[in-house]
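Labels A, B, C, D, E, F, G and H are assigned to the chains in the order they are written; within every chain, residues are numbered from 1.
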Amino acid sequence: MDKDDIKKLLEAVKNGGIEIERAVKEIEDLPFKDLGFAVIDNHRQIRTGYPEVIYCEGKTVEQVRNIIEFMLTKENNILATRASEEMFNAVKEICSEAKYNKLGRTITIKKREETLSESYIAIISAGTSDLPVVEEAYETALILGNKVEKIVDVGVAGIHRLFARLEVIRGAKVVIVIAGMEGALASVIGGLVDKPVIAVPTSVGYGANFGGFAALLSMLNSCANGISVVNIDNGFGAAYNASMINKL
Amino acid sequence: MDKDDIKKLLEAVKNGGIEIERAVKEIEDLPFKDLGFAVIDNHRQIRTGYPEVIYCEGKTVEQVRNIIEFMLTKENNILATRASEEMFNAVKEICSEAKYNKLGRTITIKKREETLSESYIAIISAGTSDLPVVEEAYETALILGNKVEKIVDVGVAGIHRLFARLEVIRGAKVVIVIAGMEGALASVIGGLVDKPVIAVPTSVGYGANFGGFAALLSMLNSCANGISVVNIDNGFGAAYNASMINKL
Amino acid sequence: MDKDDIKKLLEAVKNGGIEIERAVKEIEDLPFKDLGFAVIDNHRQIRTGYPEVIYCEGKTVEQVRNIIEFMLTKENNILATRASEEMFNAVKEICSEAKYNKLGRTITIKKREETLSESYIAIISAGTSDLPVVEEAYETALILGNKVEKIVDVGVAGIHRLFARLEVIRGAKVVIVIAGMEGALASVIGGLVDKPVIAVPTSVGYGANFGGFAALLSMLNSCANGISVVNIDNGFGAAYNASMINKL
Amino acid sequence: MDKDDIKKLLEAVKNGGIEIERAVKEIEDLPFKDLGFAVIDNHRQIRTGYPEVIYCEGKTVEQVRNIIEFMLTKENNILATRASEEMFNAVKEICSEAKYNKLGRTITIKKREETLSESYIAIISAGTSDLPVVEEAYETALILGNKVEKIVDVGVAGIHRLFARLEVIRGAKVVIVIAGMEGALASVIGGLVDKPVIAVPTSVGYGANFGGFAALLSMLNSCANGISVVNIDNGFGAAYNASMINKL
Amino acid sequence: MDKDDIKKLLEAVKNGGIEIERAVKEIEDLPFKDLGFAVIDNHRQIRTGYPEVIYCEGKTVEQVRNIIEFMLTKENNILATRASEEMFNAVKEICSEAKYNKLGRTITIKKREETLSESYIAIISAGTSDLPVVEEAYETALILGNKVEKIVDVGVAGIHRLFARLEVIRGAKVVIVIAGMEGALASVIGGLVDKPVIAVPTSVGYGANFGGFAALLSMLNSCANGISVVNIDNGFGAAYNASMINKL
Amino acid sequence: MDKDDIKKLLEAVKNGGIEIERAVKEIEDLPFKDLGFAVIDNHRQIRTGYPEVIYCEGKTVEQVRNIIEFMLTKENNILATRASEEMFNAVKEICSEAKYNKLGRTITIKKREETLSESYIAIISAGTSDLPVVEEAYETALILGNKVEKIVDVGVAGIHRLFARLEVIRGAKVVIVIAGMEGALASVIGGLVDKPVIAVPTSVGYGANFGGFAALLSMLNSCANGISVVNIDNGFGAAYNASMINKL
Amino acid sequence: MDKDDIKKLLEAVKNGGIEIERAVKEIEDLPFKDLGFAVIDNHRQIRTGYPEVIYCEGKTVEQVRNIIEFMLTKENNILATRASEEMFNAVKEICSEAKYNKLGRTITIKKREETLSESYIAIISAGTSDLPVVEEAYETALILGNKVEKIVDVGVAGIHRLFARLEVIRGAKVVIVIAGMEGALASVIGGLVDKPVIAVPTSVGYGANFGGFAALLSMLNSCANGISVVNIDNGFGAAYNASMINKL
Amino acid sequence: MDKDDIKKLLEAVKNGGIEIERAVKEIEDLPFKDLGFAVIDNHRQIRTGYPEVIYCEGKTVEQVRNIIEFMLTKENNILATRASEEMFNAVKEICSEAKYNKLGRTITIKKREETLSESYIAIISAGTSDLPVVEEAYETALILGNKVEKIVDVGVAGIHRLFARLEVIRGAKVVIVIAGMEGALASVIGGLVDKPVIAVPTSVGYGANFGGFAALLSMLNSCANGISVVNIDNGFGAAYNASMINKL
């Protein structure tokens, strides 16, 4: 119900086309229902290029299949995160163009091609154990319509490998750093580039790592400027955030 | 030592103006000293508009004064955070145009006017107790050359006040949300806007708040997309990050 | 041993029907044994409408079956929480009217119909992953003799959906809010309704969620008034508490 | 702007007393501003008997004085919590009927007398060290218009004293239990009464008490039913919640 | 109301000296009031040799003075723990034989001499920083009527000093070990003696000591048998416990 | 090497039966080897009535069997804790009189009968879920040669059941209280009896119980005197400690 | 690109063998690419005697096999830690001289014999449950070319066994102490030897051990000097560190 | 009592200069008293170059003064850590050559000059706020007789400054890295040098730094090899450890 609709309603009131009692009721309902709903709906889901997203953890194979079946009717791109291979097989049956990233545990379905921006997101990680998070971020960034550069295996323990890739890192519009253990990579990158850095602590490590808590604290306390942090292992969140920035 | 300097050196080598042995030495020293220094220097401090920053916590009044005295020679804008009133008084003596934000505990010295971008950063907070962090973020964003809109006192407990300011929030290029206690404001804003949100947990609260840890966890676990988090009470870090995004 | 029994005893003393020594003994034993027992027994289990409750976690199938078999002799309604499907099958054999809520993992046996109060409990949750806790609370509230309104999938990230259901939420006598991740829903509801809100943090989430600890802290620190909190995933406890309030 | 106001506006539209363009504007602004504001306002502050509340922690004496000065214009009762004696003195100057509870650190100003309900809230605590929280809860419950029974110094270590007061505890409509150290009192009360129990952990204790965290965990894990918990030392929150229940 | 009182009451009932109705009432009140009270009272405070104890932390000087003034009327020994020097001075005014242990922060008043048992309690500690806890334990053990041997400064880092005192340690009936930092002393003593060991972690240390939490965990996880633990810095609790054992 | 051996050595020195150099060597080795060894050996393992103990967690079936096979040669009683049924079967093959307590996961082998003391240990617990720890404590206390009274299912939520057993509890020389969830039972018992209480927190519970941490903190912070605490689920440790006290 | 290469380049510049523009480019690239790379490479991997190391946790069997296949081409010794038996079998197929330490979960491949230093590393542990970490440290120390003395089963609860081995412990150049539970062994050793002690907390224990956190805190807070700590269960890290020290 | 003393005693036994009974007594006392004491004493304090150390935290000015007065009689060098200026003034009165390091809070007294080793310890830190810990480490290393190189202000955020000092860092025999905030510096240094690195987390930082816990976890989880960690702010411990290594 937009401005014009209100105007029409009032005109109907004026010329007696609607009873005042009913008009009062419609106006009373307006703030938190129709208009409110439309506003929100507009601002996220209906916009061109935003995929439908489903977080599969804690859902059954059947639930995931049903939700995606419904989503398919809307002709948007679709991204399912934390999806098991079994879920993918169930989705594959109802949608042959679905693709599965085994490491990143994502299902992606491309219904229309996005026009990519010129700028790109750099996704940097330290070790091979961080790859699942890297892949989740990568698939998310792609389906949201971004160019992406992956630079993996450039940990702090062998800092020269990082310097060798510095040019491509500095060329990005926004940088995602994914690191477990002590997460020092985020600080080092933060000190070397002049772009927003989104740090993703991973649960890679053991002992006093406490499931990624060590890397999380490390990144939050970084002495380098320009770093913000998302939840542990949250590759999706980092890429979603980076995509927003990349498209500014 | 930049490109031209290297060229001159090589020309001197070619026409015998310098001995090869000495040239070898100069080049060998170059990576990690002069050039390296210059690269970094270039990419951050010397760039137009970047202020010199000093974090005053744990420094003596005298140290702060001396560091700023040295900074003043470079003719850059200057920002001192976590500065006490006593520090300000000491700085005032050597630089009369220094300004103090008592709530935000910042000293700012403007040596040149920045051209502001059209876009702006929105800084949103819930309660009056969050104001010190708001002010630190505000002063930081200003001295970094951004337009800023402050929207304070729009907590979740009275959500209608937030909706009344929704338009100006949605108009921002990037949004900083500053909240203590349970930090729910970040999630609510994250669900209402389509811009990157940088969340700053504050140490405001008591009991099981654990010095801001409750708000920190809350923000990291936000169910809304597009939110990244900085350290507790880190208004400076949020604004620095937001400024990077605002200037993209 | 109630008032009348004491009277009878004293009359027997008076007319010599019992020796004083024996009467002293009976009275001496009275405080912590018979009467004490009766008082407690009266105040909870024997009262009309209170079901027998069994918490199945950590018990064997056989133990659960035996306890329920014994309970069945008392003709009360029965509620078993955290019950596995295997437990249900064992119970089904001895009581054909037993019902199983698979999501909520509850077994309920209705021996008599309660007269429901006019007022109702609203159970609100954010995401589908919270449903097991919702269902435990729902079955508990029902067997305790309450009318219940379930409003699920109204998370903070899409706040318009919440507003669309506001009327039914505000109509409740007491509100249960079940939320995982950052638990911000409790604060938002607390700011919108004027009834007691019982918040249940769930262990839904990952990373820095720490098994529901993030939501727990968030709810305890809520900036909205009128919110109290029960243990993580404790749908039963919330409903028990809400039922007490709903029946006042 | 309530229902009647809308009706009047529409009637003015109908009979030409207002231009349609201006009416559109008023209606458009209505959801998130006037009506929204009114709705919330209505549901909480304006309702008879609800005091204005101000949380003084982290505010300056001057801020507190100014806020209360403004509140005084509305002729509502006023409650200030976590108020220092210095704050009280400043308030006293502008409002001679202000009263200070030194232990509970509350300032109360009574502008009109509430009709008290017949039912009462019982506030129970274990030791004299919990008294500040008791007093905060007590003053809050009173100004919100409740009858209150205080039963202090009935800790678990001398359980007979508790039993001696059982009748008055059981007579309450809702019970607040305030306890520090191991907080066992909440469980014991929960096992003895059949009313909703709101437990308040206090920061009283030392060593592995961790500022009330031990009591908080203890209460959340209570084996007794019907207990919900508020934040550490949050006497105000408990009383606010209890008042809601007491007035049902 | 003891056995004899009940007998008298029944005799009065028998010979008509009291009406049955009134006797019913007295008996009904009995469990949780008079008798209950007496039972508890008897079992702890009235027994010969048990001092009155007052925990001064969080109490005002005036409160401490008043409580002790009342206690003095009962002619028992008195122990006040966590008492400031100012408190002592106030007590001194009303009781000249009061003694103050400055390190242990205890006030003791001896009203009658206890007959000490032959056996003794050994109190062992590692460093001079643990002395306040040692002294609190020492004064407590003394006033409770025990012989005590103090063996201080026998830390693990110089284990030979410990061995030099082994005989006196092994001669004790029960051993209190007081240690901060990593609390290893408890395990070492536990491995060397064949008596119950009560371990007291102290808050002595810094960094990752976390206010005694490191020592607490260390002691709870001791690989030696026969060790139980009390709260951090709880010298009183350890001595109270040890006294119970020493008097068996 | 005892006193007599030293004497013999010196006599040999005196009458030339041994060279001084060799005697020096033997004496030099003495402190930390032979004598030291004997002292320790004597004080624990060789003493009549002490069983050999083996902690099976983290050992293989084969290791357990081999260790017990070796122990059997010494003709002492044997106690194996945290033993799986598979381990028991392996032990059964080499020792037919071995007995298995399935709930308590203990293997016991009685080689000689102990003379029991007159006094007894009371083992008290709240719920059926605590039974594994109860049984471990029970078997340990028995094999160490104690009389034991088990009082289970007397939780705080139904405090009358506890009072009904008070006499037998108060008759014990030392009391073990085993409780999970909020562990309030320890405080209640501590307030009712005048004997040393050893509290065992169990890992029974969920949510904010944190694997027994809630009960552990609760017990450490108990407001009742005379309580000391052992590690979570450590039934063995409690019984070992209680046995030491019971035999004093 | 080393010193000689730079010299050659400059000579080519001097005698016109290379254009200045191209030489500028080569020099400009030098710091962070070629030379940087060489420096790092040299300082660790290429040095004689350093094995190639692979951390297998979180890698697939195939990945481990492929990485080792590649490593084999370099003719260095190889160490794989946290390797499963399945991984070993896969490696065995491509390299028959590979050896597996089942307890320590290491695969080692010896391509050339190291000359061992005279000095040795002592590896000390308390219980059989710590053996996996002991073996990881042992294999690491060996393949790095050190002499090692293992002294296991010398826990604090039987301190005489430790003293019996003191001579061999004191003879080492550096000592590794591996202990779980309360980790007191590190402090005791630290007080007895005058060599650097590297402490490894293990996750052995239960209850309030928190996966090795108790031992970690204990070791960090050790009252003995000369102790430093590595991550929980990090036998590899301790041995790597000790090897560096042993070879000084 | 050393080897020679034993020999003399035995010779006295042989030639009848001492009675066997008395010799037995002396030998019996020897292990845990004289010899034991001597062994320990020898191995630490009496050795040339080891200073007497006193940790002043939690001691009174008078205690510190008295302890040092006693130490002065032994003619060793003396180091007091965590000493206040007031303590220094008191020490100065009894020993004019005492020196105070205000930042590091150390008092040092040099009684004899040590011969320094050729090798040196490098002490590296990131920011000026870490200087107190740097200075404590520095003074400790000096008084223990080491050459030291301090390299401060080489944080990760400006990594080029670190590279500029790489040569002097790599030249050290052992490296101490002192860093607060996220402690990433340790990992970066660990990846660049081939020497043992002792990492000291400092409590510098705020918010989610948790008093140095963030840096501590970061360092324990370092992905670089060769790093071990000491307690937060423990500059003394790091230097003591480094000195042991430097002197090997």
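In this section, contacts are C-beta pairs under 8 Å (C-beta built on N, C-alpha and C of every residue); 3 or more make two chains touch, one makes a residue touch a chain.
As the structure is a computational prediction, the values presented were derived from the model and not from experiment.
Among the pairs B-C and C-F, the greater number of C-beta contacts is found at B-C.
Taking the options A-C, G-H or A-D in turn, the interface that duplicates C-D in more than half of its contact pairs by residue number is G-H.
Chain centres here are Cα means. That of chain A falls 25 Å from that of chain B. Here the spacing of chain A and chain G, counted between their Cα centres, is 39 Å. In chain C, the residues that reach two or more other chains under the touch definition are 31-32, 36, 40, 158-159, 191-192, 207-209, 213, 216, 220-221, 225, 231-232. Chain B makes touch with chain D in their complex at residues 128-129, 158-161, 163-164, 166, 204, 206-209. Residues of chain H that touch chain G in their complex: 40, 43-44, 47, 53, 170, 173-174, 191-196, 198, 216, 220-221, 225-232, 237-238, 240-241, 244-245, 248. Those residues of chain D that touch chain A in the complex are listed here as 3, 6-7, 10-11, 13-14, 16, 20, 23-24, 27-28, 30-32, 35-36. Looking at the complex, you find that chain F touches chain D at residues 126-127, 155-159, 181-184, 187-188, 190-192, 205, 207-210, 213-215, 217-225.
Chain contact summary for the complex, chain H toward chain E: residues 31-33, 36-37, 39-40, 57-59, 63, 201, 203, 211-213, 216, 231-234.
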